[in-house]
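These are the structures, in structure tokens.
In the two complexes that follow, chain A is the common piece, with chain B as its partner first and chain C second.
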Partner chain A sequence: MEKVLSNKPVISMLIFPALIIYCLVVPIPVIASVYYSFTSWDLIGEMRFSGLQNYVNLFLHDDIFRLCIKNTVVFLFVSILLQEPAAFIFSVLLTKGVRGQKFFRNLFFMPIVFSGVSVSLMFYFVYHPDAGVVNNLIRLFGNKEFSFAWLGEEKTALLSVTVALAWQYIGYHMTIYISGISSIPKELFEAARIDGANEWMVVKHIIFPMLMPMIQVSMILITTSSLKAFDYIYIMTYGGPAHASEVIASHMYSKAFVQLKYGYGSAISTVLMVLCIISSVILTKVFKDRVYSDV
Partner chain B sequence: MNKNAMLSKIKYIFLYIYSIIIIFPLLFILISSLKDNEDIFTNPWGLPKVYHWNTYLQLFQKYGMGIYFLNSLYYSILGCIISIIVCTAAAYAISRLKWKLSGITLGFLLLGLMIPAHSTIIPLFFLSSKIGLKNPKISLILIFVAFSIPTSVYILASFMKSIPREMEESAVIDGCSIIGAFIRIITPLLKTPIATVTIFTFLGIWNDLLFSLVFINKESDKNLQLGIMKFLGSYGSRYGILLSAIVVSMLPAIIVYIMLQDKIVDGLTAGAVKG
Partner chain C sequence: MALDDIINGDEELKNTYIPYRLAQFDGKTYAIGYTLTTEVYYYNKELFAQYNVNVPKTYEELMNLIKLFKGKGIIPMAMGNQDPWVGSLPYMFVFDRIAGPFKYEETCFDKTGKFTDPEYIRAAEIIVEIAEAGAYPNNFNTLNYDEAKALFTSGKAAMYPMGTWELANLAKEMGDNLGFFNFPDIEGGIGKSEEDWVCSQDGATSISAKSSADKTEAAIKFLKFIFSTERLSDLAMSGALVPAKGLILDETKLQKVSIDIYSQLENVKYSIIPWDNLLGPNVGKEFNLSTQSIYAGKNPAEVFANLQKIADMEWGSK
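Up next is the complex of A and B:
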């Protein structure tokens, strides 16, 4: 049996298709991309090695890139603030056996099956200055002449996009938390009830600490997806007005595929990748310490 | 007791308000999509004065919505099939066959989870034309498959580990080859994890924007996402068309979700939590 199970040709035949496709599409291009980032290369010029020039330009001379970093960080923190507490509260409410529990769970989760493009286009209309839902609601309850371009003003463009994102993702994080709460042993809740703990104490001392691994998953997801955010920005604001909502990914896209500066675009995408890896590693570390000290 | 009743009322108020927040914009665009421009601007809250069902007909007859749909189906279905075949095979080799590098290979595949698609797209753009994949459809599908590999292999491999070893052993002793045992004994047990990875992969491909934007430039290759985007630009002044395009893009998602909601909820959360 051992011999059959370690048959090299069979193993290669099974593993290679996946391995080759994966290598061609992920690791090899990643290495190529890091290499391109050290070259000056655009549509007209030849590919020339230019050392750290792209990175120097990026960090010292590219004001828009600095704005992108700031916007991406704002985007990330606002997304966490909008999504995480709401997701947690709904998950607690919807694991206590309220009437219509299943209906609410499935309804809140539903937006995740839509594409980013559909949701972005929908919110483009929701925010429309003349015909949009938001301004019409304000006109209904207050100022009849109210008109405001939520996506067209520097102060509100980025925040409006994060609200659209929250509409789509709160239910998703809620579901991750629900799956965590349902795996907490029932005895813990019973013991707490016998000891006379009220609901708030159950949430604080049982649900929250036991949910740490799920909070970690959800935080890593929200962080990496905010760093990579592209669809929503590209459609709702195209980075505008005046780059007020430009993020790293949209900047990379316009440098590489609109202005055709491939070397420079590769430098931006390399920075993005490093940020994704660092933040996942940091979050994993932070939660590792917490999980062991709290439980 | 009174306080408890109050609390439970507040609970429901929260849940109902959020339900309205989810449903309301969907309903609003559905109703607005049947109005003409004047109606949209002057009568935002009422039902349409005249129901313009023909915008929906025009979407398909005049603006090629049908082709976008078929293309999206083509990318998603073909991508799923290829992904499931290569991932099941790889997961089987990793989880049940004996070779030294199996753990390292899995780790190598899982590294892909940390890599943003953006860091591969510029080289892929050149690579695909260089190695002779002139047909962007094939490159695109291979790219989608590759990005589904880490999660899918992981989910399939962890499921296969839980299947008792005796399953193949008895088959092999009865004279079955190891490939035969894999196909005839193991794959029929994989319905649950395959459903999970199918949902995950299908939605990933169906909803992609970035790769499609870079790789597709022919009108006849466009998928649904690129298709509906064009209504924002050139037809922006006719809102009925834009809105009905959004409705058409969302409706199948809603219908499939209502039919398969539990499977989809499980599939997407398992994909995230395990991956």
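Up next is the complex of A and C:
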């Protein structure tokens, strides 16, 4: 049996069907998309080759795209700010062996299994000016006439969406960190305590450095998914009001599928893909020297 | 093929046909529509009677109505601008009354006019005037479509600018209490409330120019049949809104509101097509977002300059 499985031609043959399916589903459509980005096509008529025209329009003439880039970057940094520190703190607290630890771990993890669509809809109602939980709480404790459209005002629309996203995914990053902390050898903690380290020093000098691989994974995941964020925006604000919460993915949807400018939309999606690749490479480089493999 | 000769040659067609800009090309008519959608100001007859007021004939009267209802604690007009096209409806009316029915064609059809022209900005200032007089509910700019409709049907709002696709629903909820009027004239303006209506036709029926002679003849016969006064009247009686005048309607079987709409249609000289349909999915959406921004307090001159930039990019003009 082992001879068969280590036989290279056999391996290739067994992998081949899966490889075909993978090629059809991932690389080929990606390459096709990049190709479309150099054309002008409305999905119905003929496809005209237009070279770099889409990219020229995108970077020089599309004011909304510039706003999208700014919004996407803001979205990314606010998401990191809301999710990472909280996930880290929760993971440290929930690996100490406190009472109800397992309960809280499960509780914080639970929102992740909900579909993004249902969480978005729920928060849509949470933020509702009249019937929403947020405004009703403010009315309960303060101004009785308070009525604010969190998702309808341009200053708060995007940030409100990031809060909803954070609610769902803090548990995700927390779980990554918990698994990381659990794999730190107990001897390190014992040795540190014997040497007189207090809680904060343990976190700073043991947990944080040992968790670097996990932090790297978590950061790459949060970066790529924030850059691609679409369903939350689409459901909660549809890019509004007046593009105040428009991000790269929602702009791409609007151009490609609503306005039927498929070539232009493909250009936007290509830019997004390049952005994700670049940020992954940067993150990997930043973490390269800080990740200890084995102590 | 061009249908003008057929329409003008047939007595019934000539009497019922309402001209429609989108069915025309190079001055000739190429299609006849059989569904009509128009947009009007619905109003609650009971509330109007209760406060002894009449349908406004001028802009001053409309503003007085708004002040009166607001003073009595009734929302003057229900509006849910979360879908930004809703708020663009008053804008189209106001623009027509100021600048007349043809001005918007320059910009929306011919692409020679500009959104930065003074009439567009003046119209924007007027819709802000209406909003600031307290015409709309709180938070109307983010209010949901269905919630706004509920405000009207439950009697909390006196008026409701909306389209006739809601006619059946509203009539079911409000029965004979439902009335409508067209946005009144603005003094010093060109457009007339009697003659200019915001409406669009659907169900365009045309005849191919490539058919053989006897097929074309059969098609023409069929066209004259389905657009005969009798057939159109039957269609109207079944509840659909038909873009035709001179119909024979049984007043006892059709709702009063529908009968009123048909009698008003007799005077329609110009159909203002909803702008976002004409401007296409990109500029049309931006136009709606522009009116929404103006309600939110943005400077109309800036908003329209932005809109013009987007229009220029879309249509390639400089």
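Here is the rule we use: the second predicted complex is superposed on the first by the 275 of 295 C-alpha atoms of A that agree within 3 Å, B and C clash if a C-alpha of one lies under 4 Å from a C-alpha of the other, contacts with A are read in each partner's own complex, and residues count from 1 in each chain.
Here is the rule we use: a residue touches a chain if its C-beta (ideal position, glycine included) is under 8 Å from a C-beta of that chain, and two chains touch if they have at least 3 such contacts.
Keep in mind it's a predicted model, so treat the numbers as computed, not measured.
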Contacts of A:259 with chain B and chain C, given as first, second, both or neither: second
First (chain B), second (chain C), both or neither touched by A:151: second
Chain B versus chain C as contact partner of A:56, first or second or both or neither: neither
Contacts of A:191 with chain B and chain C, given as first, second, both or neither: neither
Partner chain(s) touched by A:90 [first = chain B, second = chain C, both, neither]: first
Touched partner set for A:140, first chain B, second chain C, both or neither: first
Per-residue touch tally on chain A - higher for chain B or for chain C: B
Which of chain B and chain C A:286 touches, first, second, both or neither: neither
Touching partner for A:110 - first (chain B), second (chain C), both, neither: first
Which superposed partner A:241 touches (first chain B, second chain C, both, neither): second
Shared contact residues on chain A - chain B and chain C: 130
List of chain A residues in touch with chain B within their complex: 1-2, 4-8, 10-11, 13-15, 17-19, 21-22, 24-30, 32-33, 36, 86, 89-90, 93-94, 98, 100, 104-118, 121-126, 130-131, 133, 136, 140, 167, 171-172, 175-176, 179, 214, 217, 221, 224, 227-228, 230-231, 234-235, 249, 252-253, 256-257, 262, 265-266, 269-270, 272-273, 276-277, 280
Contact footprint of chain A on chain B as seen in their complex: 8, 11-12, 14-15, 18-19, 21-26, 28-29, 32, 40-41, 44-45, 85-87, 89-90, 92-94, 96-99, 105, 108-109, 111-112, 114-124, 127, 142-143, 145-147, 149-150, 153, 169, 172-173, 178-179, 182, 203, 206-207, 209-210, 213-214, 224-225, 228-229, 231-232, 239, 242-243, 245-246, 249-250, 253-254, 256-257, 261, 264-265, 268-269, 272-273
Interface residues, chain C side, partner chain A - complex: 82, 84, 138-139, 141-142, 280-282, 285, 289-290, 292-293, 296, 306, 309, 313
Complex contacts: residues of chain A adjacent to chain C: 57, 61-63, 129-130, 147, 149, 151-154, 240-243, 254, 258-261
